[in-house]
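In what comes next, chain A is part of two complexes: it sits with chain B in the first one and with chain C in the second one.
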Partner chain A sequence: MGFSVDFAGVLSGAPLHWLLTGFLTTIVVTIAASLVASLLAVILLGLRISESRAARVGAAGLIELFRNTPFLVQMMFWYFAAFGLLPTGIRDWINAEHSWATFPGNIPLVSPEFIASTWGLGIFSAVFIAEEIRAGLLALPKGQSEAAQSQGFGHWASLRFILLPQALTNSFQSVVGQYLNLMKLSSLATAIGLAEITYQVRQIESYNSHAIEAFAVGTSLYLLLGLAMGRLMLAFAPKRRDGRNETGAGNAA
Partner chain B sequence: MPPELDIIWRNIDYLLWGRLAQGELGGLLLSVVIALASGVLALCVGIALAILAWFSTGPVRRVLFLWADLIRGIPLIFVIFWVYFLVPALFGGNIPGTVSVILALAWFTSAAVMYSTLSGLQALSGGQREAALSTGLSEIQTLVWVLLPQALINLVPSYVSLFASLIKDTSLAFIVNVPELTMVASQVNNRTQLYPTTIFLFTAAMYFVLCGGLSLLVRRLMRRPVTASWD
Partner chain C sequence: MTDSFSPVIEFRSVTKSYGTTPVIRGIDLSVAQGEVVVVCGPSGSGKSTLIRLVNRLESLTSGDILIDGHSTASYRGAALQRLRTGIGFVFQQFNLYGHLTAAENIALAPRKVLGLSAEEALSRARELLKRVGLSDKEASYPSQLSGGQQQRVAIARALAMQPKILLFDEPTSALDPEMIGEVLTVIRQLAETGITMLVVTHEMGFAREIADRVIFIDGGVILEDAPPEQFFLATRHPRAQRFLRQLLSPLHTTGD
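Then we have the complex of A and B:
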């Protein structure tokens, strides 16, 4: 082997500090984007399964657009193009100093990088979450919605009380997988300069060329975060009432 | 021509095939070449691993699944880092960025191919295997001549959607400065600094045509369940 391993160059001094703030930034952007994704997923799903044909077709088009283009290109679009289309007043406000919106560890929450990453990750993941839940709905036996209708439930009432609870139970694992995917995709925010784990790992690599050690630490941080997130989210998994066993292991990566 | 469109028109050859005339492949064509090369590699490795997993029990099987989960548990960008930096460190010398991206994408995708192939094999009815064994075929002959041909045909749609993901994943080659479509587009954007909206919409449209076309194909394939043509 043509190299020796020395973790002191990564786990002390400035590099350690960078890694810690990077780790924190990844966590904060993941939480913020997950909230955006959940909200947008509800809206998209509502449009996708509404009774209006125009809403269904519009939502389907939007979903195809986001599914069939690379996330990286979407991120660059939001950061380089869409941000420039905002009114000057809003841009100046975002670019200004915001001491009140700075997360401990000097992580600015109101900055073009953070906002573009949160929005980009949020809308991309929302599309996939909405489609997972819709797949859960489509997988339900036809008798479920027919029975609800014959009981006098309307379109939305049958969705709310009969169909969606079952669809969510069925698709819970895949939805958790999408949130884990969001966390992993946040690594691409390095392309627009968000100082998260991947950004810091590359900074260490150019600072003291401890590339392999920095990558090893970065890889373990993502694995750890994924395991923790998976455990946490599966703890909230809805209980099945139909007596079927839960399938799959703890980490639905 | 409005200046927003003129910027695309003046760079169209660079965006589509890079400096092909000077012998440097780039742009959309390079993206497709990377996707094809890593796709073929991933398909071969993934199916081989699925066969291995099909026959193995205990530790070998556990190691295979651990390996696949590990690959799927870390960001793709890190898989590219590892190949780009670790392969030269282990074996000496440098490998071109394009080759390391092809290897990394193939490695990453082969785990998904292994999973789909295994589930395709498991989805066949158990009677197929029992009938083949009872005619005197060995376990290996049963897999190669009876089970795999049926499973592979059923799996065509999922392989096609994996290939569409692969096309989108080639955009990550920017991390090691490979001049594929996304890299070339951001170069044009940095150089001109004028019409980012047009440039990135054009780039997105290129990917959309390729991946959207493939997902239409998947939908058509799924609608008509393919039956084996030799029975």
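Then we have the complex of A and C:
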């Protein structure tokens, strides 16, 4: 075939610089979107399990909407459609230069691409995280909430002190999985022009046709990031107190 | 014990239905201060529902339950929470909080509901653990305790709120036979302290020993309400007679 692997075309000069900024961009957008996802998940979960029927139905509707439509479509919606609905003043401000909000490596944090990606990834992941935690709540024996009720705990107090601590332990592995998904899904932000790893890999491919090497390095960077994130989050895993065995994933890290 | 009869709990024409299925069909019952009332009856008779209505783990379909002379039928939200604070409930399945140690299980509600400081709540928890004979299990999680030990912690947890009324829903039915005794001993000691108790149980020997009155319930109505001597030796109602016979010799299930 006459094919030879040449990593020098990827790991030197401009391609190396692109890969590094791509890697940094993926890390930064993952962290920012994770924060947004966590905040939105708390709000959505609070509405979904509140005592108000209207709040529950509204939250359930939002959750179904974001769970059952393709993420790529959602991302494009935020970037191409929703962004255009913002007032002109805000759009001009976002499009302007912001030296104070530029991450080392010339990564602009205030740009339509970064904001749409962060928001899109955040809300998409939030609905899954909220549902994982709710599943953890539903898995608790009914006796736990009855015991809390019988002692005079109200709805939110019993959630706060008795039900959620146990539900979070139950759902911890799946929630970690959702944050890892968020990181991997950030690759789709390439479709709206966020210069993250996948975007840079494709740029290298069209620059010097080192597709195999570029994708190999890009994939390795995702793998590296995923393993690091997984280990980091599992270090915070709550300890099971209910006598059930911890699942394998905890030991694998 | 019933000389100055001031009812602490008073059922007035209480009914409870699940959908169209009636479970409690019109119950009137008064329980005096310090009285120990044992509720028995075949499975599905509504006896658990009856005591779960008192602290409103089940909602009333109609009628009213007076606690200390106060109507509770209209209680919602904060009023209901206050009512429950004064009524201890012990479950068949213990229902200890799985993520907390024995001492934390007992101290949680006194801290978060009654507003005690952490030290006060902990010292109360220790006192109660001593009282149920589990001082050495303070730091154990429920999963590390036997069924009998868990139920004793659950009783201590109910007592931590210093309730006027204690409700027991088949407290020994989920226990291995060798652990029933330790739990009954604790309940027997409580019966002597003058706290008002409603106890659903199948332990007839125990019922006979601690009860001031025995209520026999079947099909959602009270069929017999009698002092224990009378209930066990000379029960009048044929359904109660059959029930007692079956408990005494479980294989002899057909009536005469």
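Remarks
Quick note on the criterion: the second predicted complex is superposed on the first by the 247 of 253 C-alpha atoms of A that agree within 3 Å, B and C clash if a C-alpha of one lies under 4 Å from a C-alpha of the other, contacts with A are read in each partner's own complex, and residues count from 1 in each chain.
In the analysis below, a contact is a pair of C-beta atoms (placed from the backbone, for glycine too) under 8 Å apart; a residue touches a chain by one contact, two chains touch by 3 or more.
Computed from a predicted model, the values in this text were never measured in an experiment.
Contacts of A:141 after superposition on the shared chain: chain C is touched, whereas chain B is not.
Set against each other, chain B and chain C differ in how many residues of chain A they touch, and the higher count belongs to B.
When the two complexes are overlaid on their common chain A, residue A:68 makes contact with chain B while staying clear of chain C.
When the shared chain is aligned, chain C comes close enough to touch A:150, but chain B does not. By the touch criterion defined above, A:188 reaches chain B but does not reach chain C. Contacts of A:165 after superposition: chain C is touched, whereas chain B is not reached. In the superposition on chain A, A:9 contacts neither chain B nor chain C. Once chain A of one complex is fitted onto chain A of the other, the partner contacts of A:77 are limited to chain B, with no touch recorded for chain C. Residues 69-70, 72-78, 81-82, 85-86, 89-90, 92, 164, 168-169, 171-172, 174-175, 182, 185-186, 189, 196-197, 199-201, 203-204, 207-208, 211-212, 215 of chain B are the ones that touch chain A when the two sit in their complex. Partner chain A is touched in their complex by these residues of chain C: 55, 57, 77-78, 81-82, 84-85, 87-89, 91, 93-100, 108-109, 112-113, 141-144, 157-158, 161. Interface residues of chain A, counted against chain C in their complex, comprise 141, 143-144, 146-154, 157, 161-162, 165-166, 169, 241-243.
For chain A in complex with chain B, the touching residues are 1-3, 64-65, 67-74, 76-77, 80-82, 84-85, 184-185, 187-188, 190-191, 198, 201, 211-212, 215, 218-219, 222-223, 226-227, 251, 253.
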